[in-house]
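A single structure is presented below for examination.
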Amino acid sequence: MPTVILINLSYTVAAVLFILGLKFLGNPDTARRGNALSSLGMLLAVVVTLLDHAIIDYRWILLGIVAGTLIGAFAARLIAMTAMPEMVALFNGFGGIASLLVGCIALSQSQLDRFVLLTIFMSIMIGGVTFSGSLLAWGKLSEKITGRPLVFNGQRFVNGGLFLANIACGVMFVQHPEQTLWLVLTVLLSTSLGVMTLLPIGGADMPVIISLLNSYSGLAACAAGFAISNNILIVAGSLVGASGIILTNIMCKAMNRSLANVLFSGFGAASGASNKIEGDVKAISTEDAFYILEAAQSVVVIPGYGMAVAQAQHAVKELQGLLEKNGCEVLYAIHPVAGRMPGHMNVLLAEADVPYDLLLEMDDINPRMETFDVAIVIGANDVVNTAAREIESSPIYGMPIINADYARTVFVLKRSMASGFAGLDNPLFYKDNTRMIFGDAKETVNKLIRELSS
Amino acid sequence: MDMVYLTFILILSVFLGFELIQKVPATLHTPLMSGANAISGITLVGALVGAGGEGSPLTIFLGTAAVTFATINVVGGYLVTDRMLAMFKKKGTKK
Amino acid sequence: MTLVAIPNETNPTDKRTAMSPANIAKLVQSGADVLVEEGLGVGSGFSNDQYRQAGAMVTKNHEEIFSGSDVVLRIHKPTTEEAELLKRGSIHISHLDPFNEQELIETLNNRQASTISMEMIPRTTRAQKMDALSSQASLAGYVMVLQAANRLNRILPMMMTPSGTIKPAKVFVIGAGVAGLQSIATARRLGARITAFDTRAIVAEQVESLGATFLNIDLGETGQTEDGYARELTAEQLNTQQQAQSDEIAKSDIVITTAQVFGRKPPRLVTLETVKRMQPGSIIVDMAAASGGNVEGSIAGEEVEIDGVIIIGSGNWSGQVCRDASNMYSNNLTNLFTEYWNEDRKLFEIDLQDDILSACVITHGGEIINETIRKHYS
Amino acid sequence: MTLVAIPNETNPTDKRTAMSPANIAKLVQSGADVLVEEGLGVGSGFSNDQYRQAGAMVTKNHEEIFSGSDVVLRIHKPTTEEAELLKRGSIHISHLDPFNEQELIETLNNRQASTISMEMIPRTTRAQKMDALSSQASLAGYVMVLQAANRLNRILPMMMTPSGTIKPAKVFVIGAGVAGLQSIATARRLGARITAFDTRAIVAEQVESLGATFLNIDLGETGQTEDGYARELTAEQLNTQQQAQSDEIAKSDIVITTAQVFGRKPPRLVTLETVKRMQPGSIIVDMAAASGGNVEGSIAGEEVEIDGVIIIGSGNWSGQVCRDASNMYSNNLTNLFTEYWNEDRKLFEIDLQDDILSACVITHGGEIINETIRKHYS
Amino acid sequence: MPTVILINLSYTVAAVLFILGLKFLGNPDTARRGNALSSLGMLLAVVVTLLDHAIIDYRWILLGIVAGTLIGAFAARLIAMTAMPEMVALFNGFGGIASLLVGCIALSQSQLDRFVLLTIFMSIMIGGVTFSGSLLAWGKLSEKITGRPLVFNGQRFVNGGLFLANIACGVMFVQHPEQTLWLVLTVLLSTSLGVMTLLPIGGADMPVIISLLNSYSGLAACAAGFAISNNILIVAGSLVGASGIILTNIMCKAMNRSLANVLFSGFGAASGASNKIEGDVKAISTEDAFYILEAAQSVVVIPGYGMAVAQAQHAVKELQGLLEKNGCEVLYAIHPVAGRMPGHMNVLLAEADVPYDLLLEMDDINPRMETFDVAIVIGANDVVNTAAREIESSPIYGMPIINADYARTVFVLKRSMASGFAGLDNPLFYKDNTRMIFGDAKETVNKLIRELSS
Amino acid sequence: MDMVYLTFILILSVFLGFELIQKVPATLHTPLMSGANAISGITLVGALVGAGGEGSPLTIFLGTAAVTFATINVVGGYLVTDRMLAMFKKKGTKK
């Protein structure tokens, strides 16, 4: 069998191993095996490549591999458990620069048609962005640089300009590959682009960014694969590129943010809550709510009359169980006037067999409300109406309420923006950290259960 | 014609990438990212030919650098991922 | 310096107490002087010592309580004699039944007393913590079901046993206010099948939220007052209702009536004819027996048997669970007291602009200042 | 041709009936002739007419029932006079209390009567449909909780209300047999917090399956008989148990004791000392009061108050829900009857090989053939 | 752009449309759109193929397409709703013969290396099997042929022999492509193989078989694709091949059978239940149980003491809800002595808020037990012990029980093979239609809920 | 080299096929099967060249037959599937 066929068939096998590896990595039971499989694929790919007739001298390769293995292994072994994310960022940067270099090398190929040049440019540009971006991320995470977002006026213009310049450079490069200027410019511009895009992003958002950059480095490898017509680079690169995007998206949702918001908001830079009933009502899907609940360590459920109307108590109990299984603490906060008769919530929750110990009175729960990751308000309204605290003119001003709004995130489950028994608007619904989940409470909770249990 | 095949392969891989990652528990986000990152070190395969080929010294130099960087990415990436996952394993079995 | 005093209740069938020791302690802490009559709370299991430890003075002198104190707290309305003992300008807080007790109110007014009627606390969200009608009605709802179940010759839940299947008992609740809802909840806890009716269509949802069925009767225009109370039905409407309920009642093992119309005599909902259609051994509980009765033939404070059907009209329902009832009433009083207690000046301040006080203060400064009551009297 | 007869019960406090009209119809259908005494079932709401419609003859003559029939079905044991009236060789099925009624049994035996004691029906899966002890105990469990709740000055469920939070009442059930388990289930329906104890460790799982907590007391060797009954404890074990329960009892609002030891006097589980440790207003229900009592100071058929603690020992628990109780007992009897009724020969056949009959037939053919009882007498 | 590039890029697009089409087809909300997308892909693929320079004469093509379209469209329009499965079988057969023909045509290509010959052989053989198999399936389903499985001694040998002969033929064909004999033999043998394999399979199993043959016809197309080096044939063919296998598997599980069982058992041919406590205990996973429940129209739940121990009542109620949402009727059968006290089950089910109307007494449910697709026995044992009916020597002989075993499938949820209160072995567990699901009842039910709600 | 690419494409498609079909509600089994069946009519594309190419009359005849059969499969398959799905749609919306 001709070597090239052998190599490529091995590449097929390697591709299968990568695919299985990624699949297994997504499941806690098989994750470790998945990682092993994918490393096996990598080994196979590297070893058979060495058979390539184009390779005539193994010394430099050996040098590079030995050096790289030593550095990589030591770094991976010695790094503290807590510093792993930044390590991953650093590794990712190295992957980026490798793609950049491979792109440059590909320039010395014999036939360079437009398409190949384009892919070379892309591998250099994406590699460059990945490289510098990852380094900055590493710096921010390891606190070598301040983790605070750096925002300045006109930032978006500068970055947009950089990007366009980069593209222009690429066009020139493809037209005139012989002029090194464009190559050098491409490298410079893309690395600056990487740095500039990351500046306004805070340290806390870095994991998402790393995941994104990781996706980029896959794309860079994929572009390099096109540049040198190599299947396995394309397959592995695009697998990583695609799954990285999905993963990034999942991570964003878990933070209750959009990717755009992460990239451009300068989160944490400016903030100043207003006390007026002003602001937007932010609705959210159960799917997105799931990501937040899934990551929550402590949840307080605040039931009201709507839970009774929806007969959601059993579903709520079920949700409690699932959250607890997920390692989350769940408590119930019962306002004395919740429902339509004294003890209404008790009747319902007893029916659903919620242990008495989990039911806390208003006065016991309010002091620790800040410590809850999520407050789920289920069909309650008046009893969490912050007008009682904030609006002096309100008829219920001064009435003690359950301070749901002090929790990190508040989900309000109700069917509409309608008011409750007292007929008053509720400023809680407009708060920054409040998300409305519209719909019948039972259905909503059942949807959450479905998300959580699959 | 090569390009056509490669495009086909690209498209299929992208779809496969999308399909593979569906609901991932939060605890696996970081290991998954790290594992995928290691795979992206596949660029090493491309670098090998540069470093061991018959190109100019510059090419060889660049190739060697690329091999080194990519190897760090690959080796470090897999090892770190494995360490993370080993940690989970222990947590799980303790119970 | 304000002396708050709590007399013993003079009604011997009521074991409840207006103030628990725990709440006395709160009053003392907020700066009031407290005087209680000896033996207060014995019926509910509170001893004189507990009151002393809470910081109250204890007296044997019933008259002193009225004549010597600035604020009197209690459950029931005072007798005319007691009213006449009151210190001029003092404050008296209790049930007063102002719609029916014009004479007593006038006596109190003549003493220049400021009187607060617990019945008149408005049904707003903010006032709920002082709302004794609600707290006692809620307990009453529970007690009525227990009494009925205890008298019924059947069990309430369904049981599929080797000795045959016992069908769940049927319970029909008329009037789904606070007491009615609690009855529904309690009966359902015990496993009965429940149907309920109320003239206020809005409670259908509340009834269903407790797992009972709402009986739909088309009465035309009914509705409720601003305060959430039911409007009185026309004679014709009442007739329609009686007819429509009759079948449901005949099928039921237990019927519980809780219908009230604020400031009026309770409506007569169950006729003798309907009672006779029920199975012998069935039970009717008439919550309103004491104030006129929803059921024909019910006698206040007694159990009557008509054709084998037992009609319970004991009254003072919450008194059966006197300990919890006392605690809740005492909490209501304390919440009311501390809401308007000025800690700096150590004074109970009656602010007639306040929407709660304006509704429940009957007399103040020698005048019957309550609109509703004044209209009712004139 | 077999004449089956059902006399009125002579115990005036028991309103139950041995046979419901529905079951009479079944007997008639299977070919028996049935005679009932006039007024049978009035207490449970069954009229003479219903019996007639079911196919029974009705007589006013109490004696005729005994002297003229082949099979007598009833609830309670006969008086000696009644026993002496029995037709020779006839069959008598009822409770007989054979462990304590040697004289009666001998009288019956002298009449050559075949007697079946309902208490002695074995606790096997197949016999459960005839097991009257179970069916009545189950109702008793329900009734005891209702009576206790009705006497308690508190409510059972938790309520978080604007007038304060009411903690759920604590109920402690001793003896988790059929009655105890039903008590647990009923109290839990009402929202109480329940702890239970039994000497048979195996019921811990059953207790927990009803959502109650099992109190663990290390008594050493206890165990149960083949029939699933508890063994009697040694004096020392009993003492350990009393001590260990004492704290739990002191904390409880309601204590329900249902402990029985088959064929023995019920154990004395709650001492006077422990009763006095309870809060005034608490309730104890002593199911065994009639047969000796689990609680010191309980009096059969009465309510006693000791230091403010009420001990209910009314007895005849299932009689309170006489209609359901009658139906269930009547089903048990009918199931027993039809199991051994030969439809072709129209005869009730006593087959001493049968494992159920061999356990519950006491006398037959002029001999006390029941092993257990014979051993007990000798 | 050269035509061939254009064609192939269009093929890429067509492939994407097929992929999306299949994905969407798996979800009720998008299924119809999925079908439309995939037909669009087909249209695109066909149209651009017509641009191929190798095509010089459109007349025959037009003839074929017009004829095919007319026949296909009329058949699809006119067929009765109930006859659809057999129609699909027929269509599938046509697809198979088309692949066979394409394989033959490919023989006239210029360069025929071994690999190409192999793929040609495969497209002919798989096409042939698909064709004849599908026709037979069509015959059985439309009752043109008897639907009864046809079983004879040594059947497996005959079929095995046929298969081997077919392979041998293939080897000869690849060695000597010039001898038409092998080609003809291949066609004959493969069509016979299709018929013979289907003979022992009953009409009721035909849907599974069609799904399998459908997967084959995908593979045939894929092989044909290799034979003529056509991407879109490979992609579409292998997509169908792979998804068909998965679908077949899902369908088998829904019937509580394995594929091997379907293929070789001659199900329904022989049966003779034995009354002894003999036979195997068949355990089953919740995942497999899900497929059966998912397809069930009516389910009866038979609770016992184990439900109380596991406190599974709430979960059971939840399961009921999900099944009902799935269009299934759910009833509860309560044996009078179930549990450990009279009315034990009532207490629990009332707590879980199961409507009284759904609780049936033993005597009411037994007469209609045969009509239930599934009986779920939850922690009951004595009350469904068929020894009471079957074993005269048993202490409980003669006791009425709930005849769970008369339902089509019985799931028994318990932790072990341990006996119940009465301490007796239970022949029910050994019945043919019984499946044990071992484990705590609550956990098992929760797992089922999870499967059903995702 | 072509074969290598084709193999790659095959492998990726097979994986994608596996991943695409996961849990399918029972009601969709038949439509899904039918829809997939229509796709397998893709063999039509292969037949076209045979029917319209410059081959022998036999080839052309076989090609035309193949085109006819495959077209029936494709057209009939898609239409039947659509009819089935339309039926579900109605059932769903009625409620």
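The chains carry the letters A, B, C, D, E and F, assigned in the order they are written, with residues numbered from 1 in each.
Here is the rule we go by: a residue touches a chain if its C-beta (ideal position, glycine included) is under 8 Å from a C-beta of that chain, and two chains touch if they have at least 3 such contacts.
Please read all numbers here as calculations on a predicted model, not as lab measurements.
Steps from chain D to chain F, taking the shortest chain of touch contacts, total 2.
The chains that touch both chain E and chain F are A, B.
Contacts with chain C and chain E are shared by A, D. When the C-beta pairs in contact are tallied for A-D and for B-E, the bigger tally goes to A-D. Comparing the residue numbers each copy contributes, chain C and chain D share more than half of them at their mutual interface. Bringing chain B onto chain F by least-squares fit of CA atoms involves turning it by 180°, to the nearest 5.
Mean C-alpha position of chain A lies 57 Å from that of chain C. We define each chain's centre as the mean of its Cα atoms; on that basis chain A and chain E are separated by 38 Å.
Separating the centre of chain B from that of chain D, both taken as means of CA atoms, is a distance of 76 Å.
Across the assembly, chain D contributes residues 128-129, 134-135, 138, 157, 159, 161-164, 166, 189, 191, 211 that each touch 2 or more other chains.
Residue positions 1-3, 5-6, 8-9, 12-13, 15-16, 20 of chain B are each in touch with at least two other chains. Looking at chain E, residues 19, 231, 235, 311, 336-337, 342-343, 347, 350-351, 353, 454 sit in touch with two or more other chains. Chain pairs recorded as touching, per the definition above, are A-B, A-C, A-D, A-E, A-F, B-E, B-F, C-D, C-E, D-E, E-F. Note for the complex: chain D touches chain E at residues 124-126, 128-129, 134-135, 138, 141, 178, 181-182, 185, 189, 203, 205-206, 208-211, 355. Interface residues of chain F, counted against chain A in their complex, comprise 1, 3-5, 7-8, 11-12, 15.
Remark: chain E residues 4-5, 8-9, 11-12, 15-16, 19, 231, 235 touch chain B in the complex. Listing the residues of chain E that touch chain F in their complex gives 18-19, 21-23, 25-28, 31-32, 34-36, 38-39, 41-42, 45-46, 49-50, 52, 54-58, 60-61, 63-65, 67-69, 71-73, 75-77, 79, 81, 84-85, 87-88, 91-92, 94-95, 97-99, 101-102, 104-106, 108, 115, 207, 210-211, 214-215, 217-218, 220-222, 224-247, 250-251, 254, 291, 294-295, 454. Residues 157-166, 168, 191, 193, 211 of chain C are the ones that touch chain E when the two sit in their complex.
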